[in-house]
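Some notes on the structure that comes next.
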Amino acid sequence: MTLVIINPNTSTPMSERIGASARRAAHGDVHMLTSRHGPASLEGHMDEALAVPGLLERIHECEQDDSLAVSGYLIACFGDPGLAAARELASVPVLGMAEAGMHMASLVSARYSIVTTLARTLPIAERLLGEYGQREHCAGLHACELPVAALEEESDAIYRTLLEACRQALDSDASDGLLLGCAGMTDLATRLGDTLGVPVIDGVTAGVTLLESLERLGLTPAKHHDRALPLAKPIAGAFAHLTRSDA
Amino acid sequence: MTLVIINPNTSTPMSERIGASARRAAHGDVHMLTSRHGPASLEGHMDEALAVPGLLERIHECEQDDSLAVSGYLIACFGDPGLAAARELASVPVLGMAEAGMHMASLVSARYSIVTTLARTLPIAERLLGEYGQREHCAGLHACELPVAALEEESDAIYRTLLEACRQALDSDASDGLLLGCAGMTDLATRLGDTLGVPVIDGVTAGVTLLESLERLGLTPAKHHDRALPLAKPIAGAFAHLTRSDA
Amino acid sequence: MTLVIINPNTSTPMSERIGASARRAAHGDVHMLTSRHGPASLEGHMDEALAVPGLLERIHECEQDDSLAVSGYLIACFGDPGLAAARELASVPVLGMAEAGMHMASLVSARYSIVTTLARTLPIAERLLGEYGQREHCAGLHACELPVAALEEESDAIYRTLLEACRQALDSDASDGLLLGCAGMTDLATRLGDTLGVPVIDGVTAGVTLLESLERLGLTPAKHHDRALPLAKPIAGAFAHLTRSDA
Amino acid sequence: MTLVIINPNTSTPMSERIGASARRAAHGDVHMLTSRHGPASLEGHMDEALAVPGLLERIHECEQDDSLAVSGYLIACFGDPGLAAARELASVPVLGMAEAGMHMASLVSARYSIVTTLARTLPIAERLLGEYGQREHCAGLHACELPVAALEEESDAIYRTLLEACRQALDSDASDGLLLGCAGMTDLATRLGDTLGVPVIDGVTAGVTLLESLERLGLTPAKHHDRALPLAKPIAGAFAHLTRSDA
Amino acid sequence: MTLVIINPNTSTPMSERIGASARRAAHGDVHMLTSRHGPASLEGHMDEALAVPGLLERIHECEQDDSLAVSGYLIACFGDPGLAAARELASVPVLGMAEAGMHMASLVSARYSIVTTLARTLPIAERLLGEYGQREHCAGLHACELPVAALEEESDAIYRTLLEACRQALDSDASDGLLLGCAGMTDLATRLGDTLGVPVIDGVTAGVTLLESLERLGLTPAKHHDRALPLAKPIAGAFAHLTRSDA
Amino acid sequence: MTLVIINPNTSTPMSERIGASARRAAHGDVHMLTSRHGPASLEGHMDEALAVPGLLERIHECEQDDSLAVSGYLIACFGDPGLAAARELASVPVLGMAEAGMHMASLVSARYSIVTTLARTLPIAERLLGEYGQREHCAGLHACELPVAALEEESDAIYRTLLEACRQALDSDASDGLLLGCAGMTDLATRLGDTLGVPVIDGVTAGVTLLESLERLGLTPAKHHDRALPLAKPIAGAFAHLTRSDA
C-alpha cells in the first residue's frame, strides 16, 4: 500500500520538497505526484479553480492503475482545493493539508495561530476554518506576504521572514501553537518549533500520519450521498478523458 | 451595456431555455453563453470542479473582447460554481443564481423552502446557505430526484413531479416561499407560483434583476483583497491560454 | 403601479431629499409619504417605537385607497422600524432600507463597512445584521456622530465629515464596500463612491430597485403565518382608527 | 419603593389577573397599570407595535410622578414589546416577562419547553430566545392555539386545553421544565406544576422576584450608550405629550 | 428552610467573607460550608477538578441530614465547579455563582465586562459564557492578576488594584456593567459600584437572591434525564462513602 | 517511549479489554492503567466528577516516575473526564477518546452518527461536540441503553443490541460513518464496520494512532496559559499527596 500525495500546482521543485518531507514522516511508501495543468503556484480563487481538474486527473489515473495499491490521497496545498470532488472520485480516504493541520493543531494546543503566504489567500483559510469546525480553536490568521514561489527552495532570508511573522502571530494572538499555511513551508516546521518553543504544525506531515492512522484503523469511506462516485455522463473539452467508461 | 449569463454545463438546450427566461426578465440586453468544457450537467462536486475552468474561459473572453460592454455576469447553475474565481477575473459584478435567488427569497418570504434536483447536491446548497447568511431564512432543503438533464426540455410529467415536491416542501416546512434549485426550472417559477399561492423564486431571473439593479445604482466592485485580479504567473496544460499576458 | 416610500420620521425636508433620490433610481412611479406622528428624527429605541404607529397608519391608508395601485413599500429609515408589523398589514412586498442596503452590499463587496449617524443607534444596526444573516458580511459598524437632523439639507461640511468617517472605516476594517446608515445620506452615495473608489451603497435607492425587481418577477408575499393580516380586534386610544372594520 | 407592572394591552380583566398574581409573588408593593392605547390583546407584530407608545406613556408618567418611588418596571406581555425603548426612558431596571421567564427557566431546568397562545406569535418568541441567549436552553416552542382573550378569566376548559398542550410539549421535547408564554396564564403555573411534576415557570412572577432581587442588590442601570435617555427633540401627533420638556 | 452556600476551596477565611456577604443579601437563613478536600484556592482546571468531590461530599451530607431543610445550594467559586454533578445529587435547585452573576448582569446592563483573578482562569469563564448563552451579553473578559488568596482579607491595596482593572475594562469594552469574577470579591461590589457609576454584580449575592426567588416561586427541579439521581454503583477509594446505600 | 492509557473507572476487566484493543492499534508500547478511586463505571456527571482525581493521581505518578518515558496520555472514557486538568499536569500530549474519535470520524465521513450507552450521558457528548467544533459533522447522537458494565465482557447479545442501534442511527441520520460512544465498545468497531459497510470509529484506537502521530511529528504542548502546570499551593484531604513539592 502507498500513500499518494498530490501537489496541485505545477512546480516540480515544490513537489520535491513536499515529497522529501512527507517521506520523513511516513512509516510506509509515499508516491509524490505533480499536476500537469494549471498555475505554477496557488494564491487565489482562480489559481485554485484552474488547478483542480489537473488534481482530479491524477486521482483518476491512480484509481485506474491496477499496479498501485493506494491507501489514501493527500492534497498538498493549504487551500485544500478540490477536496470534495476528490472524495467523490477516490475509493480511499482523501485529506486536505489544511484539514489535517487544523485538526492536529487543535489536539496539541489550546488556540493556534496560522501563518500563511499572501493576504489575498486569507479568506480561503477563513472559510476552511468554518468548514472544519475550527473557528474557536484558531486564535488568528496571518500573512507573511511571501509568495508561494519563494518557498520552492531553502533560503535563510525566507526562514527569517517566516520566523518573524510567527513570533508576531504568537504575541498578538496569545496562542500556544502555530500552523504553517503553505506546503512549501513543510520542512521548516521542526526548526521553527525548536526556536519558538511552541508546537509548529505542518499540514503535509500531519496529513501523512493521519492517512496512515486511517489505514491502520482499517477505516475507508462509505461512498454514500455526496461522496458517491460521480454520475456517468458525457464530459466535453479539455477533460473529456475523465468521462466514465460507462457514460 | 449587456448582461452576460453563462451556463457552466455544456448543454445547449439548457442554455436556450435559460436565455429565453432571462430575456423575459431583463430590461436590457442579455448575452447567453455556454461553456465548452466539462460535464453535460452539474450534479456533484466533481461535475462542478470540471465545469469551472470552462466558465472562467468564457469570462476571460468577454473581458478581452472590446466589442462587448458587459454590465455583469450571472453564473446559471444553482451550485454557484466558480463564483469566487470569477469575481477575481471580472471587472464588473458577478452573481451566482443561488446567491441571487436566496437573497430575493428572503425579501419576499419569512422562511422559504428550496426544491432542487438530486439529493447528492444538497450539501452544496447547504454550504451556500451558510456562506450567504441564509441558514435561518431557509426552512428546508429538498430534492425532487429529477436529474438536471430531464429539465432541458418542457414536459408535463416533469412539471407535475416538481409541483408535487414543492407542495410537500411547503407542507413539511410550514414555509411561505419556494426557491427553485436548478437553472433548468427557470421558466416554471411563474406557473408554480400561480398554482401554489406562494412566491416561487427562480435564481436566473432574480440574478438578472439584481445585476440590472447594481448597474442602475452604478455599483461596481473595488477589486481589492481576494477580489483583485489573479496574479500574473505561468499556467500550464489545458488552460495555458488563460495566462495573463504580463506573466 | 407605484412604489410607496415612507419616511417614518416627521421631517418634510428629509422626505423631499429621500423622494428625489428614490425617483432618480426608479423606473416607475414613486409616491413619497411622511409620517404624521412621532419624533422629527429617529436616533434610538424610543424614537423608533413612537414612529411606528404613524408609519403603519400611512400603510393602512394606502391599503384602503382604491385609487392607488401599490407595488411595494419601502421604510426609509436605517433602523427598519416597524418592518414586521408593516408586513402583516400590507398585501404587497415591504422592505426596510437597511435590509435592502445590506443585501445589496453583500452582492458587490466581500465585506462592507457601515457608517451611520450617532453611536447610540449602533446596537439597532447590529441587531439587524443578525436578523438578515449579514454578520459575516459586515466588516465593521461605525458612527460619524452627525445627528440625523444635520442631514436634512446638503452641506459641504457635512459631506466632508461623512467622507472622513468612511475613509477611516475602510482603513480600519480592510473592507471593500461601504453602506450608508441613514436615509438622509441617500444622495451622497455616488459622490462618495467616486471619491473613495469602492462601491458605496445607499439603502433607499437599493430598496427602490429591489422592490421594482420583485414587481418585475411577479413576486408577492403569501400572507401566511406571522405575515397574515392582523387579527380583527378592538384598538383603543390614539390609533383606534386602525381597527379593522370587521372587528 | 414599589414595583410597577404594566399590561401593554388594554384589557382591564387581564390586568387584574396579572396584578393579583404579581402581588402573591412580591415581598413589597406592586403598582399595576394598564395601557390606554392599542389593541385589547397582543397577538402579532402590529398588535405589539400599536401597544408600545401606550406602554411608554405609562412609564413616562411614572417617571414624572414624584409621589411614586419606583424600584423597577415589568412589561407583562410575553413578546416583551417596547423593552429597549422602555429602558431608555426609565431610570430604574425594566424587565420583560419573557426575558424574566426564560432566564429563570434556565436556572431550574436543563431544557425547557415554551407553550404560548397562537402559532402566529411563535416567531416573536423565537427572536427573543436568540436575543437573550436562550436558543440552546429552550427545547421547543409550542402554540396551544388559545387566543389571549380566552385567558382573561379563569375557566376549567381553558385549563385543560393548556394542560394538554403542556403535556405534549414535555413529551415531544423530552424537556424538564415548562415556560408559560402569556401573561394571562400567570396564575395557572402552580397548578400545572403540581400536576405535571416539572417546574412550570411564569414570566410575571419570575419578573417580580427578579426585579426585587435587583433592588435588594442595589443594582440600577448606568444610562449609557443605547440606554441613555432619549434625545430631546420635537414629537408630533398623537404622542406629542411625550416630548421632553427641554426639547 | 435554609440556603446552603458551599465554598469549594478549603480556605476558612474566604468562607467567612462569603458567608457574611451572603447573609446581608438573604431574606432567610444561610448555612455556609467549606470543603474539606482540595486546594486552598481554585485557579485552574486541576484545582477545580480536585475540589469537586469535596463539594459533592458536602451536598451529600446535607441531603442525608434530616435536621436540615435546604431550599437550594450555591457553589461559591466563579468557575462553577461541579455544577452538573451537584444537580444530579441535590433534590433542590443548585446554582453556580458565575451562572447567577451572568444572568443578573444581563438583566441590568446591555453589555457587561467581567474582571476576574488570574489570566489562566479566563478560558474557564469563556466556556461558561457559552454554556449559559451569555457570549453576546459579555463585552470582555479581564484578569486583574490578583491571586485568589489575596482576596481572603480586606485590604485597600487590593481594592485599588481591582478598581483600576474595572475602570480599564469599562473603558476598553465600552460596557455598562461589571461582573466580579471571584467569590473573594463579593463584598466589594457595592463600593465599586458607587465609585464607578455602573452596576457592579457579584455572583454570590446574585445567587442568594435567585435561589430565594426560586423558593418563593415554588420551583424545584424535575430530576429527569441528566439531572436524575446518580445511578447506584460501587465507588472505590477516597470517596467510597459517597456510594448510594442501595448500590 | 510508551503511551499511557488510563481507564478512569475502576473496573479492571474493562481496562483489560481497552488495553488489548489499544495494543493492536499501536506501533509502540502501551502502558494500561486503571484508576483506584471512583465509580465502577461512568454514566453521569457525578460519576465523572468522582473519577477525575483518581485519573489525575495516575498522571501525577507517571510524571514523577523517572523509569517511564511517556509519549502521551489517553483518557479512555467517552466523556473525556478531566481532560483540561490532565493537560495542566502532563508535560506531553493528552487526548480524550471522544476528542480523538470525533476528529477521526470527521476525516473519513461527511456526517457521522454517535451511538453511546445510556441516554443520561447524551448531554455530555453534546457538550463535547461543541467544544471540539464537531456540531455540524455529527448527524445524530443515540443511546443504545446498554449500561457500561454490560460492555466489560464480550457477548453476542450485547453485540446484536449495539448493531441494531447502529443500524437505526445510520438510517435515521442518513449518515455515512459511526462513532462508538464507550471505551467498552473498542474491540467491536471492526466487526460492526464489516457488517454495516460504513467506517465505524472507536475513540480508543483513534486516540492511540493520534498520539503516535503527535510523537512522530515531534509535537509537544507549550505549557502556556491555561495549560501551564498547576500553581503550587496546599491541597487538603483525600488528595493532599498531589500537592506540588514546592508548595
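Just so it is clear, A, B, C, D, E and F label the chains in written order, and each chain counts residues from 1 on its own.
Following the convention adopted for this analysis, a residue touches a chain if its C-beta (ideal position, glycine included) is under 8 Å from a C-beta of that chain, and two chains touch if they have at least 3 such contacts.
For clarity, every value in this text was computed on a predicted model and none was experimentally measured.
By the residue-number overlap criterion, the interface of chain E with chain F counts as same, with over half of its numbers used by both chains.
Among the other chains, C has the CA centre that is most remote from the centre of chain F. Our note on geometry: chain A versus chain B, Cα centroid distance of 29 Å, whole angstroms. Computed from the mean C-alpha positions, the centre of chain C lies at a distance of 54 Å from the centre of chain F. For the pair chain D and chain F, the distance between mean C-alpha positions equals 46 Å.
Shared interface positions of chain B, defined as residues touching 2 or more other chains, are 110, 123, 225-226. Taken pairwise by the contact criterion, the protein chains form one closed cycle in which every chain touches exactly two others. The ring of touching chains, read from chain D in the direction of chain E, comes out as D, E, F, A, B, C.
Within the complex, the chain E residues that touch chain F are 10, 35-41, 43-50, 52-54, 56, 82, 84-85, 87-89, 119-124, 127, 130-131, 147, 149, 225-226, 228, 230-231, 233-239, 242. Every residue of chain F that touches chain A in the complex is listed here, in rising order: 25, 27, 93, 95, 99-100, 103-104, 106-110, 132-137, 174, 176-177, 189-190, 193, 197-199, 201-202, 205-206, 209-210, 212-214, 216-222, 224-227.
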